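Below is the structure I would like to discuss, written out as structure tokens.
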Amino acid sequence: MSLPHLADPAGRYRTMRLIRSFEELALEWVRSGLVVGGTHPYSGQEAVAVGVCAALDPADQLTSTHRGHGHVLAKGADPGRLLAELLGRVGGLNGGRGGSMHAADFSLGILGANGIVGAGAPIAVGAAWAARRRGEPTVVASFFGDGALNQGVLLESLNLASIWRAPVVFVCENNGYATTLPAASAVGGSACGRAAAFGIPAETVDGMDVEAVRAAAERAVRRARSGGGPSFLECLTYRFEAHHTMERRFRLTYRTAEEVASWRERDPLASSPVAGLPEAAAIDREVVELLSTAAEFALTSAEPDPATATDHLYASGLRPRSGAAL
Amino acid sequence: MSLPHLADPAGRYRTMRLIRSFEELALEWVRSGLVVGGTHPYSGQEAVAVGVCAALDPADQLTSTHRGHGHVLAKGADPGRLLAELLGRVGGLNGGRGGSMHAADFSLGILGANGIVGAGAPIAVGAAWAARRRGEPTVVASFFGDGALNQGVLLESLNLASIWRAPVVFVCENNGYATTLPAASAVGGSACGRAAAFGIPAETVDGMDVEAVRAAAERAVRRARSGGGPSFLECLTYRFEAHHTMERRFRLTYRTAEEVASWRERDPLASSPVAGLPEAAAIDREVVELLSTAAEFALTSAEPDPATATDHLYASGLRPRSGAAL
Amino acid sequence: MTLLSYAKAMNRALADALEADPAVCVFGEDVGAGLAGLTLGLQQRFGAERVVDVPLSEQAFTSAGIGAALNGMRPVVELQIPSLLFLVFEQLANQAHKFSLMTGGQARVPLTVVVPGSGSRSGWAGQHSDHPYGLFAHVGIKTLAPATPTDAYGLLSSAVRDDDPVVLFAPAGALGVREDVTAPLVPVPIGEARIHRPGSDVTVVAVGHLVHQALAVAEELADEVSVEVLDPRTLYPLDRSALVESLGRTGRLVVVDDSNRFAGFAAEVLAVAAEECRLLAPPRRVTRPDGAVLPFARALDRALQPGPEQLRDAVRAVLK
Amino acid sequence: MTLLSYAKAMNRALADALEADPAVCVFGEDVGAGLAGLTLGLQQRFGAERVVDVPLSEQAFTSAGIGAALNGMRPVVELQIPSLLFLVFEQLANQAHKFSLMTGGQARVPLTVVVPGSGSRSGWAGQHSDHPYGLFAHVGIKTLAPATPTDAYGLLSSAVRDDDPVVLFAPAGALGVREDVTAPLVPVPIGEARIHRPGSDVTVVAVGHLVHQALAVAEELADEVSVEVLDPRTLYPLDRSALVESLGRTGRLVVVDDSNRFAGFAAEVLAVAAEECRLLAPPRRVTRPDGAVLPFARALDRALQPGPEQLRDAVRAVLK
């Protein structure tokens, strides 16, 4: 019982288109000042989120990253509520408390984007361990970038998942750079070699090909669900935009125009089996519609009341002492 | 110009004997209450410290661990001053401020034992990087246990050393256990596999054979000194005593008597080329003499004055505010 | 008479929690062997799937505790050394503590971290002798420091049931304390102070094992001055009303706190007193020095910890 | 008139340090691109071997800084986010800070850690908006929070030359401040406060970017009350004599500090005042709430930071 909206190539194309258009809208809203603080655009990497989520069941879970919109949307989050979150409105996924970097929807198994590189991986391992202990068939996908391969806690997590045989699918989105640092000069050895060294089956796939990602993810999910333990997928991909929207203030030279162009030619939307068919045009129109409703929802959602600023600080209900003078 | 006291098999035997006898004396002093807090005995692992240090030059450096007496003595530290350190006396290597877990002698390139597992490795990488930057031919040996293989910072350090081609020799003393946890159930994959995955040449050697360790260490040191970057040695070894002297308070069953006995049969002192020769007996007597002088020195060294308790807290000389009422 | 030791009380609290709720589990190094006392016998009783020996990966297993908590478990993480809390500071302060607010209340992280043997254990030297409870109180994580066996039982029980992350410090100096336990052991609410000894001249706020020192000094000075000994038990959230009430009675304040002075727990107590009370004399702190690193040699180690003479001096100073 | 921005002053201090001493080097993420401003142009000028782009391994490269320092270098580590200080807390508090004492004075660790953009940057939310200077002050690491371009230049220069580990917080709220610089830029000694505005009724101790807020409020209230604005500049070690002298003049105290209240920097200032001074009125703190996590939405984020109205109220409260 995989995710219904990703069950066929058309659904996967639709979700990739949704992510792309969502990111374009978000970029517009950042530029116009509607979204404060900026975002890390996912454009170009859609095939990874969609391909992996296509292999998941609704009750499966994921942990995401600073570049999380794609994962959150692919798992099925409402685009209107994600947009509202970017605007910091009460109708947002997190009630406006999280913003782009912390978007979560626990009802859909989205355990949260995370502002700290690598931090999602051990959470995924623990969540997977707990689910298995409780007799639930849950598989947890953990997304992270090539930069995260150099975070100690992520490497510790590979080991922990390995010895626990935790039902985790580690998904490394190797987009070639951690901000400005090329993976080639930051990652000694190879991504898959590292995972394999911890005893985790690992494979590299074309991260611009949604069907290839889905096929590999299905193998990994099947292994996890049947008690075979964790797997590792390195998805070779590329981000079409800046690392972060604020990057446009700098004149950076870490990627050549040619390099960007050559990857844009491999746009995952264009290589979808549905691309070019009349169906695709219909889907594109559908998505425009969907996003305009979503935007409407977000823009009309209320601003939170400053008096509620410490709401939810403690799940137990403890109210913290104020910072104002007595 | 390797370490003169380790230049030949007799010197290496002498140093192994010194370490063994030192540890026996330390154990006695712990039992009698002279040494407060206890120690992590190195007995059984002598071939590793001695074999590796035999490949180092006097100006080379090392970082050590909680189980550090062997490394410190092998690099040439004065046993009297190390004993005085265990007693917390002013004549100790660290003036009594460090104790067993922090013994250091910077004049000999001993950058310190460390109470935190894995913490020495990045310090070694930075020290090696700095030496190379300053045009010095220094090689840094970094000792750690099998338990440290699961510490994030150590794994990060392997990567950093690899991409920096830092002149470091990583020495993993795999004694089969991290306290009570068998390496087999804690380490996914293999030690050497991990290092190799970061792009570091790795080999496993018999850590009970001082000459084998030395030969492997010489290859690694040569590679480092000639600009070839880091190497990794996994030395298969065993600790003959408890993890920590306090262990004797517990009735622990994580190692069988047979297992301990089978490793004791492979005592590195017995397999030294010098063992059994008349020379060995002379050396043994020499070491008894040496240690008795060392003990005398330590026992007669003064207790530190409590008024000096915050001395050296700040290298700049800042004196901290006292904790007593005004 | 049933004498219960502090260490045994902790062990019993954990056993009772494991017994009562299948969601409770334990992650820690050498917990099967029970080296730290906290888990002695528990793996045998509850199985290695609930009392889990983990590799030396504190960051990963602490965060795995968060993940498990998100999926309905109530993990207890044991750390063998107080300074391992530094190693997992990111996981506790930046992840566990922030999840509830950042998700707009979708998530809760009922994670308990226990250090069975915090502060100085003579001879363990610089990296094993810290008492960093002030750090957790500052970032706003519930922070407990029980002084007695019944409070150790009661606060650990409450911590495991609490829906937020909690860090519990079991001071090495208190592990050997024994208490005659007649009443049944019960949970102690988080956030409630306890007056161990009523008095009318001076309030001595004492933390953890120093409660016993404070009681001894109070007894010793009984002819001279009437000392009230207040044990906050929970350092954060602080029971401010108990503090303010006590100071209303005594008008004088000494805090004895085995951690670094600067911006530590004692500073907060003095600050609250300054804001909310009218003291009759300037308050005093007895603490470690600023920025203290405990040297190995026993005499040096002791010189940096609050001692009874210093407390005596402080009590006399506020009486002047 | 030469207008120098805070960000540019930091950049210049680092350039001058690299120029003056070949032992100075920089480790950080994206320092070649100079994304955070601190290192802009420096890799081009001093080479990638001295201004080193490092992988996302904060723990390893911070500790590598320690190792390099032990071998004679003076590394400057740049961290992009204040909460990355949590991630390297072990390396700073348990290794760098303790080396000198634990080795009996054999070693020194001249390591400078800089966070160019601490505190809240609107829209960066819960994990990117911390101001954890109190943690470092508590453990005893030299902790700086310059408010102006000249102090940023001067304190960063002193930090790099200091023989101990130093953490420098450059508040995001101050990075845009510009100053007319006529006198040459010089080092500012660590541990010396600065009185930005003399006054006789109330001492406002303000930290970092809040110095500017305090000055604005002081000006605004000038007809009503004479406010002295004291900028500690160095949070640890605190210039206690400057504080005590100021309070001797004014007798009233307000601290405005953009960090969590409980056991924070402001608590220490109140504690010192209580111990060493006779105040005419209870002191006040204006801080973040206890345990604050800054929510994303701008109005919520602002609601948790000290604002000018709160400072005004506090000044009026101590005058009552």
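For clarity, chains are labelled A, B, C and D in written order, and residue numbers in each chain start from 1.
In this section, a residue touches a chain if its C-beta (ideal position, glycine included) is under 8 Å from a C-beta of that chain, and two chains touch if they have at least 3 such contacts.
No experiment lies behind these values; they were computed from the predicted model shown.
Under the contact definition stated at the top, the chains bordering both subunit A and subunit C are B, D. Farthest chain from subunit B (centres taken as the mean of C-alpha atoms): A. Distance from the subunit C centre to the subunit D centre is 30 Å, each centre being the mean of its Cα atoms. Annotation: 35 Å between the Cα-based centres of subunit B and subunit C. For the pair subunit B and subunit D, the distance between mean C-alpha positions equals 39 Å.
Centre-to-centre, using mean CA coordinates, subunit A is 44 Å away from subunit B.
Across the assembly, subunit B contributes residues 94, 96-98, 102, 114, 116, 150-153, 156, 159, 163, 185-187, 310, 313-314, 320-321, 326 that each touch 2 or more other chains. For subunit D, residues that reach two or more other chains under the stated contact definition are 55, 57, 59-60, 83, 87, 90, 94, 101-102, 125-127, 140, 237, 262, 275-276, 282, 284-285, 290-293, 295-296. Taken chain by chain, the contacts link every pair, so each chain touches all the others. Interface residues of subunit C, counted against subunit B in their complex, comprise 29-30, 32-33, 35, 53, 55-57, 59-60, 81, 83, 87, 121-128, 254, 261-262, 282, 284-293, 295-306, 310, 313-314, 317. Across the complex, subunit A meets subunit B through its residues 150-156, 158-159, 162-163, 185-190, 193-194, 196-200. Taken together, the subunit B residues at the contact with subunit C in this complex read 35-38, 85, 88-89, 94, 96-102, 114-118, 147-148, 150-152, 178-181, 185-187, 250, 252, 254, 303-310, 313-314, 320-326. Across the interface of their complex, subunit D is touched by residues 83, 86-87, 89-90, 93-94, 97-98, 101-102, 125-127, 130, 132, 134-135, 137-141, 236-238, 259-260, 262-268, 270-271, 273-276, 278-279, 282-285, 290-293, 295-296 of subunit C.
If you check the complex, the residues on subunit D that touch subunit B are 25, 49, 54-55, 57, 59-73, 75, 90-91, 94-95, 99-110, 140, 142, 162-164, 191, 237, 240, 275-276.
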